[in-house]
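Chain nomenclature is as follows: A, B, C and D, assigned in order of appearance, with residue numbering initiated at 1 for each chain independently.
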């Protein structure tokens, strides 16, 4: 591990070479919006919100998956990037059936926050209004695909942390959907442990707890970083449990 | 001459108009500044000509709405999407996942207390469009007031700006959905 | 097997072939098979019987002979006469007039001076249509596997890489990355296991070069891969081939078995310490698997979704190990470079893009088929000399290269040189080599819409710009073609295309808007003709203020 | 915004309709079933050939589809157990690749190439004509299970465009009327 210096938005910063540009930026309070990224999970570079400009590179790079290099000059907030981020949120809003007014995650929704952050006034593309199914067969949780943004956090947390791999994605392109087991009802899944991690990492209310009504569902995905760090460093293993 | 203002109720729940009335004592101040020429709360049948600002509540969900939207556009200088239904479909658009036939059947047959009938006299009632659309997909819209419903403060800010001849630019305080 | 044994085998096969008075080659690639070349063998045999002429003749099914539009094609050796549109009647005539009386059947002969063949130069396809693809002996008789023998007995891996680097060979999959450089990176990567992968997932609609090479000369690919394996330090190779190409899969399977039987694949090849095995992986209908990271995922038995690069596969590929991925055509160039030297190769084509390129010529053009031309050839020559121009009565409009990732090149740019850089400057790309000619009957908005529909259908759905963006581009194009769009929609279209291009995760998304860009650039009038005026309304402006 | 509680409730009421459709249970095949059915022996052979390795999933699915014609849910569960792969991943892979079918196809298949060359040469007209004649869309099977219309992304015979594969037989330079005639023969048989 080596320390190196780079410039982000004109500021000279230092970071470690095993971190990502996103890590370094966040340590220095430089905000880069993200959606599929969650501390504790592997990065997949899918939502493209964290794209940044790197001097000398023609293509944009995702901050979550790019390692810093000595002397790298990064810009995170150019007009072009802002415009692109707004369009990405526009696309997301047009893709699903998002009605904040009747959503359990209203005011606790990462998609909503991002829309405010990028200043999404209206969506210029026709809403697709897909016909998606809602699965309320699980005894504690509901999967409402209408609100899914396909960030695959649930798939990753179930695979990487819970190791049950109940979730995966079916289909491709615009027809992608989150499925449990063989596209069976969640309540009948033979692999689901009912741990609820997927529910709490979901950025919207695609996965939510039963019993919550509008604007009541609060999520706290921070737990993940805590337990994953503990696991990686074997912090809890060494303590004897009665 | 005071600026002419109209408010229109397409397919929505009228919550945005309720919120407009929540301006309370500020309504009196507003009455000095503008003239309300068309609204569900006043009794005028035809949409007037040369309106300065029109606030449109609700999504475009029926053929009548679509027809009316074009009349509004032809006769207004500023058209404002008023509330989430007009801005993005919102609750009104939740029906888009079902066909018109399914919805009518659900509403008029399945949930009927006695034997239900689906109304079909389209000479007197409006026909549902295949899907409910936000206003800006039908006509050009100049400004947007978000919220379900928008708060009185949001409305006050937007209307005040418009009456000053400016398009309201919402800061993060007023940009909110739901 | 030793080098001597290989030479012996080659001599034996050559002697066997010379025993025949005539060798009748009939094209048994997919194109000709579908116009009935499969039955030719029996028809010939019957004709022999009728004329009691069955001595000293060998009937050989070969790979693609090139001029697919005129199939089935038959070639008579040793004189090399090529016949087109050979049906049962023609076979009888050939046997009677040509084989027995040495009088070629004039009406079916394709003259060697035919422009289709005149401007071509064959390196990759030199064996295609000349040898029986199912026979390893015939390949060996054309000095096959000698390059591998030379590499294993005379050269160090570094020397092989240096030779490839000096030749200037660039990846034929489309992007044109220098092959020698790539090999060097994999060579340098530290790992106890490395892989070589041949990308034969030719998904571009309108492209069938890789298919023809695999069907016509599969051993050349295996040889190229083995040389790459030796140079890079890998002992396992995979060929990833589309399920839509059953014949190519069959031929590859046979080829791998034959090579293993002769010890040309397996352990201690040519008594060196080099071991190399090749396995076949069959795709299942996903265009995105042509993208290298998605292809690797697919080989691992997973959804073919790309991942961000870096790390590149040459550092972290299959199961996290350094992996060398090259296209079929790239591997097909390796053996000739080793045998004839980098200097010979670098003199063909242009200094920046040496060598030849195989194109699949199709669409509204007289001579459709498979061609191989030196890099830097004028596009006009391909379309009008080799292709013979558009069918009578129509006018040339554009040529589409690079498939759904490329663009349309209009008549005004027909004089450009065909190489990586020049094609990029006119808004298209080399791609893997599909070349579709369009004439005045093609509507360019519809063409852009067609490609966008393809991209919507083939998007893997991982990243948002590609998943949703392509869908909206398609619906905007649809709106334009239905004449209900305004100039504002075109502006929005351009904005969206730029965003999808710049922010998408992989090459599929990044290049998906290219057909729109290029049609907008050259055929903007066709878009504008379809637009309706912006809706007439009272312009928003000053409100009448209170007096 | 309790104001909207009513809508929220209605929203779920409407969804009750859909819930019925997704409420099926998938059984794992019993050992008895798999030992009696000789096709499973063939499948087992394909699986052992790849040493029960999970990374050969696509190969195994190819083999399974070749043996059984299509991939029914029980079969996917069987493969999941054999290869020790989570079922959701198998379903994800099977639906990602267009080549895999989760539903049976008709007696005859008409695979129309919709590649660029075929498109330029008028494959869309053939498509329209067939859809009109069979009264189904591409990707569907006629109600009498006689004919399936399938579209392919380039079968690589662009020189002969427009091309179709009729029950494994490649037919080039096809016209809309020929195509309809061929399909009619199947429908009448």
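In the analysis below, contacts are C-beta pairs under 8 Å (C-beta built on N, C-alpha and C of every residue); 3 or more make two chains touch, one makes a residue touch a chain.
The structure displayed is predicted, hence computed values, not measured ones.
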Checklist line | Chains linked by the largest number of contacting C-beta pairs | finding: C-D
Item checked: Centroid-based (C-alpha) most distant chain relative to chain A -> C
Item checked: Rounded Å distance, chain B centre to chain C centre (Cα mean) -> 57
Next item on the list: Please compute the C-alpha centroid of chain A, do the same for chain B, then give the distance between them in whole Å.
Entry: 34
Next item on the list: Would you mind pulling out the distance in Å between where the CA atoms of chain B average out and where those of chain D do?
Entry: 46
Note to self: Taking the mean of the CA coordinates per chain, how far is chain C from chain D in Å?
What the structure shows: 28
Notebook entry, point to check: What residues in chain C touch two or more of the other chains?
Noted result: 286, 303, 457-458, 460
Notebook entry, point to check: Could you say which residues in chain A touch two or more other chains, in rising order?
Noted result: 101-102, 106, 124, 126, 169, 171-172, 215
Next item on the list: Pull out every residue in chain B that's touching 2 or more other chains.
Entry: 91, 94, 148, 178
Next item on the list: Could you please specify the touching residues of chain C with respect to chain A in the complex?
Entry: 286, 303, 307-308, 310, 456-465, 467-472, 475, 492, 495-496, 499, 502-505, 510
Check: chain C touches which residues of chain D in the complex?
Finding: 53-59, 61-62, 89, 92-93, 96-100, 114-121, 152-161, 163, 169-172
Notebook entry, point to check: Any idea which chain D residues touch chain A in the complex?
Noted result: 1-2, 4-5, 7-8, 11-12, 15, 18-19, 21-26, 73, 76-77, 86-92, 95-96
Checklist line | Contact footprint of chain A on chain B as seen in their complex | finding: 81, 84, 87-91, 93-94, 96-97, 131, 133-134, 136-137, 141, 144, 146, 148, 170, 172, 175-178
Check: Given the complex with chain B, which residues does chain A contribute to the contact?
Finding: 93, 97-103, 106-107, 112, 115-116, 119-124, 126-127, 129-132, 146, 215
